[in-house]
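Labels run A, B, C and D following the written order; every chain starts at residue 1.
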Amino acid sequence: MGPQHPMTHGLWTLKIKVDGETVVDTEPELGYIHRGVEKICESRDFTQITTYCDRLCYASANTWSHAYIYAAEDLLGVEVPERAEYIRLIAVELQRIASHLMWLGAYGPDIGNLSALVWCLREREMMMDLLQELGGSRMHYNFPRIGGVKRDLPTGFALRARHKVKLFLNRMQEYEALFDESTIFLIRSQGVGYTKAAEMINAGVSGPNIRAAGVNYDIRSAHPYSVYSELDWEPAVERSSIKGADCYDRYRIRMEEMRNSANLVLQALDKIPGGAETYHEPGDPKILAKAPSRAPEGTSGSHHFEDSRGESMFYIVGGGEGRGKKPYRVSIRSPMFITIPYAAKTMIGYKVADIPAIMGSFDPCIGETDR
Amino acid sequence: MRVVSEKTQSAAAEKMAKSLSKMDGVEASVNERVNGTQTRYIVTVDVDVENWRATAESLRNDHEVDYCSMITGIHWPESTEKTWEIVYHFLRTGVTDPAIEEGVVVPNIVDFSKVKGMNVPLELQISIILGDTRTPSVASVQDIWAGADWNEKETWDLVGIVFDGHEGMRRVLNPHESPAGFHPLQKQHKLRYHDHEEMYDDAQGFMRKPSDVGKVK
Amino acid sequence: MASTDWLDINGWVSLLVGFSMDTVHDLLPFYQSEFASVQPMLETLISTSIICTIIFGLMMTTLLALTWIERKFIGRLMDRFGATTSLRSLWVGESGVTAGDWWNQLPLGIGAPIGWLNGILNSIAGNDHKLETISRVNNRGYHGIWFLLPGLFQNVADFVKFASKEHIVPEKADKFVFEIAPVIILATTIMVFAFIPFGPHIWAANPELSLLFMMAIFGIAPLGVFFAGWSSNNKYTLIGGMRSAAQLTAYEIPLLITVLGVAVLSGSFNVIEIVDFQIEQSDTWNIFLLPLGGALFLITMIAEVERIPFDMPEAEAELVEGWWTEYGGMRWGLMFAAEYMRSYAACLLFALFFLGGWQFPFEDTLASLPVIGGAIASILSLVPGVVWLIAKAYVLFAGFVWVRASLHRVRTDQILEFGWRYLLPLSIVNLGVAIYLRLEVWTGESWPIWAAPTLSLIALALFIIYAIDEDKDALAYSRRPYNIQASDKAYPGKHKE
Amino acid sequence: MSEEEQNYSMFSSRILVDTIGDVSDDALKASKMKEVIGVLAGRFFNWGQRKSLFPLHLGIKCCALEMAAAGASRFDAERFGVFFRSSPRQCDVLLVNGPISKKFADPITRLWEQMPEPKWCIAMGECAISGGPYFQSYNILEGVDTIIPVDIYIPGCPPRPEALIDGFGKLREKIIRIGAMPSHARIDGNLPVIIGDE
């Protein structure tokens, strides 16, 4: 199947050996949009790399640029003002909602319901409007800066954000009516694509896919990196089936994560220091700390980040060509690059019709996979 | 939210570093990293190539490091003391399958604020330094961490580091027909237009140097 | 006795043809006796061809609206507009770019009316019209006038484009079968309409066993589907063809048994007599007597025309476009049209078998009202029955579209299991009910007063009970999962065992 | 007619005359019927061609999401007869929305060759136009027009859905100008349209 195939959510090939309608063996084939970002980053300044990180995953741009920014701050040793951390958290969680909505919208046609796609994209537009107010662009925001954020919350953002997030929480009941109360969806998604927790951890799978299997491992709580520890929330955990997490559990966990993220956004809007309504000019020390632009030879920085698809990571070695203005090596850890081979193996033994159901439930994003 | 306290993490990191340093060819230390507003402790380990396999097995068995996050290969052609460096990033998650009681799964909810012992989440950064060689090679840990499988494939594909004992090594990102020995992240491969500085400042290329005549613009 | 309708097309045509033949016979200077011998045959031939043309035109024109209904309705269900292509864009160009007053290029000034019409439309719905301005701003095809039917001509444009596309036959395909498959599908699908009476006097052919004939022809198209899937030499199409063959054979049998129940109840294999039985003799639509049969017929028909949730043969997710992946251009357009014709035929058959065909709902009840009854009856008698029939078909098709927009796709094995294990026994039960009603309850002139209300109330109660159970089940599934924030304990769903 | 002309049909008056034959051609010339057919039929088929443009459901990178958003409820591309089909046999427009890597050059060329004439190609986004931010990469072609003739360029990273819809509008205007010509037989001098470059 592929590279041009409705199942793939992107551009990759899944070589499938079928016996009648039953899948016997699978092998993924990646690299169709391999762009060599890691090589290009070696010849860019630390600030220029953010745009490439935005374009790593087209469904969740903010999470990737923030992952890079945290690693770069780890490399350059920057203390970030707290207000900037809150603004980042708001941006990341809104992006997480948008990404999960995109997944849900893409998962509807996988099982044959087109209206789910259109509805989810309709709600995604609201989140993108909010992010557009922050970042200025529609998809690739280039929002975070080393040491802070590009811009403060615009005036009236809190009001609109609260209103839209609450509206979204109401609209989620529509999806649950469309998916959960449809027996056809249940018999399609339940009992296919079982995955076990320990097996997934050993295979490098993380994020919602592992939380669907009944464990609450979350980078945000295991390796706390932002102001998540100051907000009142818990990572959503799905009670999986005995044989492991199936597609229905992975669907449920993402719905729960959307609720969690909405809850986080609302809390952060309340708790943000200085209040959500005060506006600081760009470059104000309250939202942007001074950061060195050079990293000496041999220093390295790394950071584990809870992406909307799993654990994303950047490892940056400073002191490259350009006498430290540019990194010597930037290495990107993409969750889906590790997850897709594992997901391809989980669908052995199921029907051909289950391939989109199983593959889509892992939320593949090829932009980050091929880099 | 209940998160891992920094004290617990640093104590566990010290413990692991101490016990790792006992092995020969291994120097482990704990360094403190500040990211954002939080402080975290990373166990950084330097391993010799020949001890890597034994170290990996002890990590998996004695220290329950169960999650291979990333494998990075770095090429240092100009550097004096090292030509190749392989950096492993591991996580210790302490994730186990949830228990099953009377036919219903009971999710294991770990309270990260009071984890102890082997369940404390940890970050490891292991670096292996290779001397000047044409064929850098290191033992594969594919069978220890299944997550290392495609990481090693990618590292060989992009950087050209050979993993001994790796099953089914193939190109995953570059095209299959790309020439043997072409590993784009090695430093001798330059980017397109890498010496055309004016690619940035004048896109039309009015200020082209005479040396650029004939070069693709 | 047969139900009557003033729109007596068959009668008129036969009258016209007979009259013209008689005049020809009279005007013939010689060979009059020989002509008289062949005259009946000639009349039948000519009148049948005329009738077939009329029926075909009627079917195609109404089919146009069918696709329009689908696009508009599903668009509205998805908060969209659906296609809004208006015919006006044919003579005014594309958002400002026109080819000038092209009608002046026509010779002899025959394009003058078009220019005149365009002038009028511009004066009425030109850029000074506020809706027109809004439409220009968001670049919509709506031009403020309802009779331009925004979107209706999208299908015209599509088919014109299909006609002008290149025809590609895959290199390794079986060329003959590849070419013959669309012909089989389309021909059999159109042939079905020959036996569908659009009214008491609007039918192309009316054999005694038209019901059996129709069902037999309706079952040929899967063969063409299988041909198409096999001959394209493509894995997706082959799998799609296989699925289609399996699914359609699995659903033909319950369909036929359900239709047999209808035939038993109405005591005839002739469609027109079935409708007349509902209208004249029993004064009750079959849906009130055989509600189970109606549900079975609808489900099996949705499966037969391969619409969601039973559209495994063209499942976009795993098989790219199913069995017609390799078809492009006009062949694909024809098969596309054949799909809609099958849906249209399904709706028409349901209306004929269960909804009293060309009768206005509760016509007799309204006509029997004390005061206004006569007026209503006279008004209704003015409206030809074909209008009611097609209206019922459209409503049913809107139901199909609704189902498509709100349901997911069922897996192949689940489809077959559903067909064999549930629909087949239910259809046999339905047949038993029909036989019982016909033999025991049917008095010969009319149904006893309790029959229809009791049966429909029983069916309604059963459906409500089932629906409530269904909802409980779904709620049990969709209860919040085990979550630290969730207060309620998680419910171990069925899939957890 | 030559072999390749038999594959597609341009539906000007010429094809009708060819099918009818020379004798009737004279008759048609004598009566002004030929002009009528030419103007009416050509215009009719041109209208049908430009009013139903089916793009291929091919998502390469970021712009694929904007493509999906253009089909969704806020920017409703279906209003203008833009339906996404999954099979290249049934499509008119190849919407290239992302960088073309060396590995994907062959498949996308095959997709382009699988589409029946007349067909158009829209390069959406910087990556498809010139390689975009990856113009320096070792694995990315500098624009899709190095392998496929492109009709419409839509700049932006990614372009907004309005820009995509406007691109389809520009493509319609182009079809009015040059007619439903097959892609390889298009007359020289009809330059590709660049959105925003009036």
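Quick note on the criterion: a contact is a pair of C-beta atoms (placed from the backbone, for glycine too) under 8 Å apart; a residue touches a chain by one contact, two chains touch by 3 or more.
Because the structure is predicted, anything quoted here is derived from the model rather than measured.
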| item | value |
| --- | --- |
| Chain pair with the higher count of C-beta pairs in contact (A-D, C-D) | C-D |
| Chain separated most widely from chain D, comparing mean CA positions | B |
| Whole-Å separation of chain centres (CA-atom averages), chain C against chain D | 33 |
| Mean-CA-position distance for chain D and chain A (Å) | 35 |
| Centroid spacing, where centroids are CA-atom means, of chain A and chain C in whole angstrom | 45 |
| Whole-Å gap between the CA centroids of chain B and chain C | 61 |
| Multi-chain contact residues (two or more partners), chain C | 78-80, 316, 320, 482, 484, 492, 496-497 |
| For chain B, residues that touch 2 or more chains besides their own | 103-105, 107, 109, 174-175, 184, 189, 191, 194 |
| Multi-chain contact sites of chain D, meaning residues that touch two or more partners | 72-73, 86, 101, 103, 136-139 |
| For the chain D and chain A complex, residues of the former touching the latter | 56-62, 64-66, 68-69, 71-74, 86, 88, 98-99, 101, 103-104, 107, 111, 133-134, 136-140, 157-158, 160 |
| Complex contacts: residues of chain D adjacent to chain B | 101-103, 135-139 |
| Contact footprint of chain D on chain B as seen in their complex | 174-175, 178, 184, 189, 191-194, 199 |
| Complex contact set, residues of chain C against chain A | 74, 77-80, 239, 308-309, 311-312, 315-318, 320, 405-414, 470-471, 473-475, 477-478, 481-485, 490, 492-497 |
| Contacting residues of chain A [partner chain D, same complex] | 3-6, 9-11, 31-37, 39-40, 43, 51-52, 55, 58-59, 102, 105, 117-119, 121-122, 124-125, 138-140, 366-367, 370 |
